[in-house]
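Lettered A, B, C and D in written order, each chain numbered from 1.
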Amino acid sequence: MKVGIMGATGFTGAELVRILLQHPEVELAFVDSRTYENQQFDEVYPNLKGKATMKAQSVDPENLPEDMELVFCALPHRISQNKVIPMHDKGMKIIDLSADFRLNDQKTYEQWYQTAHQRPELLTKSVYGLPEWYKDALKEATLTANPGCFPTSILLPLLPLMKEGLVDGKHLVVSSNTGISGAGRKPSPVNLFSQVNENVRAYGIGTHRHTPEIEQELSLAAGSDITVQFTPHLVPMDRGILSTIVTPAVAGLTLKKVEDCYQAYYGNKPFIRLLSNDALPETKAVKGSNFCDIAWRVDERSGNLILVAAIDNLIKGSSGEAVQNMNLMLGMPEETGLDHLSIWP
Amino acid sequence: MKVGIMGATGFTGAELVRILLQHPEVELAFVDSRTYENQQFDEVYPNLKGKATMKAQSVDPENLPEDMELVFCALPHRISQNKVIPMHDKGMKIIDLSADFRLNDQKTYEQWYQTAHQRPELLTKSVYGLPEWYKDALKEATLTANPGCFPTSILLPLLPLMKEGLVDGKHLVVSSNTGISGAGRKPSPVNLFSQVNENVRAYGIGTHRHTPEIEQELSLAAGSDITVQFTPHLVPMDRGILSTIVTPAVAGLTLKKVEDCYQAYYGNKPFIRLLSNDALPETKAVKGSNFCDIAWRVDERSGNLILVAAIDNLIKGSSGEAVQNMNLMLGMPEETGLDHLSIWP
Amino acid sequence: MKVGIMGATGFTGAELVRILLQHPEVELAFVDSRTYENQQFDEVYPNLKGKATMKAQSVDPENLPEDMELVFCALPHRISQNKVIPMHDKGMKIIDLSADFRLNDQKTYEQWYQTAHQRPELLTKSVYGLPEWYKDALKEATLTANPGCFPTSILLPLLPLMKEGLVDGKHLVVSSNTGISGAGRKPSPVNLFSQVNENVRAYGIGTHRHTPEIEQELSLAAGSDITVQFTPHLVPMDRGILSTIVTPAVAGLTLKKVEDCYQAYYGNKPFIRLLSNDALPETKAVKGSNFCDIAWRVDERSGNLILVAAIDNLIKGSSGEAVQNMNLMLGMPEETGLDHLSIWP
Amino acid sequence: MKVGIMGATGFTGAELVRILLQHPEVELAFVDSRTYENQQFDEVYPNLKGKATMKAQSVDPENLPEDMELVFCALPHRISQNKVIPMHDKGMKIIDLSADFRLNDQKTYEQWYQTAHQRPELLTKSVYGLPEWYKDALKEATLTANPGCFPTSILLPLLPLMKEGLVDGKHLVVSSNTGISGAGRKPSPVNLFSQVNENVRAYGIGTHRHTPEIEQELSLAAGSDITVQFTPHLVPMDRGILSTIVTPAVAGLTLKKVEDCYQAYYGNKPFIRLLSNDALPETKAVKGSNFCDIAWRVDERSGNLILVAAIDNLIKGSSGEAVQNMNLMLGMPEETGLDHLSIWP
């Protein structure tokens, strides 16, 4: 099965290339890039030297190479929809890694992203690509909106509890820590080594664009409007997101009820690891893998429930999740080609 | 004026040595250490080579060198009280950097620290060494309990608002990020480079021992019992604490009210920097200095107040704060010898 | 085919576990550890959670589990020979990752390692496990001495040139930079985060124990005694070795001659990547993989040849190389199970 | 005494600001910047918040503010000479931190920097600002060319030995490791966190522009032409340079002769620390300070002399050294305002 990547030379695009090169069932037929057109891919990503020897090419979305089964679009929001719409119109299956098709509501999209949506009717047709939650829909999807990295780390621990009424959504406080790769590969004052190293800071307080998709999915699970206070922090590392969620425990909540709920939803999911012993998630344990590690605590003293989840932002939070979605959309077992284990240390 | 340090070779002890060597008004008369007895101090801390050439000695607390004005005690909790009590009994002014005299309530101490207190009556006599809050009491103090690093970063932004009713203390959620130096210098699986590097994790959820002193001081300011949900995280850096505090905004709260409150309390404080522009604190901007940088946001959408504060855990969160306390206790301007600026990067 | 690991819970042992769990042809039948006896392996290494669920056991080398084809020994030198000798005596194929069987000369071993060798006759029988150099011998080997991490990074670029007389071995100066994982997992003042982070230092100048094996192999290739000045440096990262080798260029040496020599020796080797364009090796490009990246420069101005090589010290410099050796010893293609690509970043 | 800084918002300019703000004898009268004209300096450098409250201004070198005693020029080479020449022509004392006046020979400058020199006669008039070596000349200097960071770390250990014939300059091999701040503050693919973190690489092999100034000064000390093979490496840290120098030991060389030579030259120098015990330099021990730590080894086995030196590239390798030069040029003790000690960790 042939697949291609639009916008292949950003960090998420390059992760798709790396994963797909090792995927047993698909062939990576093209890697699109304007910036690096005609350059051999492994000259841009030296880790792939000798393996990603294809040349980047500028691909016309109206005129894709033949026999493609599916195309990934790893372009920034706003730009992405301009490529996705014509490809989808021609019947191509698409996984879009941008935010352009994640929100169901046009107004919410236009408000948070400050840009007009070119094809609002696709907002409700697209499937939100959280494979642990929308597996059946993904098998039928033609346009998948791959979730944001923070939302993946926040929704996976929250959704089952929200759905089952074990979290009521009042006073939902989320603090996330992320490595800098989420800020992308384009040099800026924000992602300089000298800025990031030996430094921690909060950013985007109350304004981070991942907020509406978190609230959308939580509200769908709860059956009512949920608001979340989401504060991301930047920490000095390449990869990884750790999200800590604090909310008042609902009456009668116990550790066992939480664990039972997780077991019911995630007991057979290949990429969710429930830390039911004393351990707490750490990003290093999932770095380079498609796992999401989850732990939970009920603090009797304060009356709060605390959830902690860890993912690799570029894999489970982006390109690995996208390949998991592709597997479902193309009729393969969802774990195909995603069995990489983290190295330690 | 002569001062000495009991337990000088841990990280906080060595920071005291470094700061006191550059202090214009005091002379560092002894550095106590059992482990490194008779060893030249700069062989243990190569940054101080040629400057800290005194030998570490094992000092008997019952029999201090003559003419001491004040002694710092930088030993672990439980051990510290055994040294502090006899020195204080003989009339020596003490600044204790351990937790042994921070809590006013014996039962709370014994419950959280799992050890008996040797001299409970000192718990109410000691002054909690937050110089921005207890300046007058510190001028008269004979025994100062230097605050924990996390509490310093959490109390400084919260206390004025709590005192003025701009925070009501319901649903107080604190997430802190710390560098590893807070875990000390003794090698353990926790503070290995290979464990800490490229990794983030939460720890001590609901059980961290800094919780009761945070709650004690907040409750005193509020005039009622306050509970806090405090979650520390370890991030891959040497130094720095960033604390993010989220709580529902009280009715009618505005950015201006918060700023006015801070200006009233901190406008003339030498080590508090209020980020009243768009900036947010970052630990790198305070590393190596005695500053605490504070910012605040009111999220109209969610109805929450968010406070962010950054300190250097070993300076404003420990040894710098201790020297600030010493300055007050010995009748000097509080900023004496503490004018170090952070380097960047 | 069943294999086992003696000393499986150190960093190199755990890398063997990780690689072998993903190896298509072998079954990991036991993981030996005294420290963690009866503990589930993935409790020690959280990256392997849910995958390495076997319990560590204390295995008697005189009484191995049945049907083993080969045993890896990942114990420290001196201790290793005590386990290797009885296993090898009983006819088991062994790959020893320690230094105990690397040196052909008993006196040299005893001088550098300050310990007696228990079975000197095995020193000449064992094969030095550099698969690019001793492939044929490894196919017949019963005892393979896996090279040190630094030697791998130094010998791979030097051996072909030395063999062909393109390096004469006079004034051979090697400077290597390594991540801290080479110092192992046991907490010590040397491998603390606070010691390693934001720091670079040289160590073991003129005394590093990898020196004699480097000189042994270079001397064998040269046909005469070669001395090397080897200076390792510790840099703040988990993994990776970069070695820079400087030596006067022999008369008539050109870039092309060097490249032709490398192509002749390494053109078809699966894990050697020759950077014949302008690129220079970087450790990040090989981290997590079994590759060795090599570049070369002839400095016309100074008359020197400069070689640079990068490896992952725990993979190509240790456990990956060991599995490559196992593949040869058990009759498989050498690249089997070693196709992991580095992630970036 | 009033001084100013042209080009104050790069890393070296900002270090000058930080050091001069704490200098007891000079007043920082202007900070020049085009990019940040009219912006408050502490908005660019948050570490200086509340301290560097002056506005950056675009200063005309033909028309400097009145009463200046000395101006620092912290601009890139090529641009710097255009500012330095008119200021110097008007009689202003200048310390230039660029390379524009370091080389005595016009042809060498133009060859390595690929640009014409605007005023070659100043090349011989300017003083090379290595205060441990040219102290007397610096007291009389009107134009000081502040050395490069690598040259400072290489010349300080080599010059005394070269002068005294304890190094003969044949086969001089230097390997240096540097933090990324030397690459400046301008975002580029080279200084991204994701590029630098967990990575080591060599660069500029045989072509680094610091080579000719190293060779110039060594040749002057030796009285004959010296060639050096200099290989810089980039390591994942903000600051610090560690240089390791290997050269064949001259006949009869002993550790004692090296130490005696160093004591004779550096015994009373305030910023040179000779590690005559077993210790080796580490960059962390000098970070944030103006010290240069030096150690030496004679390897009897190989017949080589090995020197190791550590500095903070932005202080002793740049702005601290510049202030030390200013002190001499303005008739103050050289250590004035430079007594900062490194923090640890």
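Structure notes:
We take it that a residue touches a chain if its C-beta (ideal position, glycine included) is under 8 Å from a C-beta of that chain, and two chains touch if they have at least 3 such contacts.
Because the structure is a prediction, the values reported are computed rather than measured.
Chain centres computed from CA atoms place B at the largest separation from subunit C.
By residue number, over half of the touching pairs seen at A-C are also found at B-D, the match among C-D, B-D or A-D.
Distance from the subunit B centre to the subunit C centre is 46 Å, each centre being the mean of its Cα atoms. Centroid to centroid, with C-alpha atoms defining each point, subunit A and subunit B lie 39 Å apart.
Separating the centre of subunit B from that of subunit D, both taken as means of CA atoms, is a distance of 37 Å.
Those residues of subunit C in touch with two or more other chains are numbered 11, 181, 194-195, 197-198, 236-239, 282, 284, 287, 345. Taken together, the subunit D residues at the contact with subunit B in this complex read 11, 14-15, 18, 21-22, 43, 45-51, 181, 197-198, 238-239, 273, 275, 277, 279, 282, 284-289, 291, 293, 314, 339-345.
Every residue of subunit C that touches subunit D in the complex is listed here, in rising order: 171, 173, 175, 177, 179, 194-195, 197-203, 205-206, 227-229, 231, 233, 235-240, 242, 244, 246, 248, 280-284, 287, 297, 299, 301-304, 306, 308, 310, 345. The residues of subunit B lying in touch with subunit C in their complex are 11, 180-181, 185, 187-189, 191-198, 236-238.
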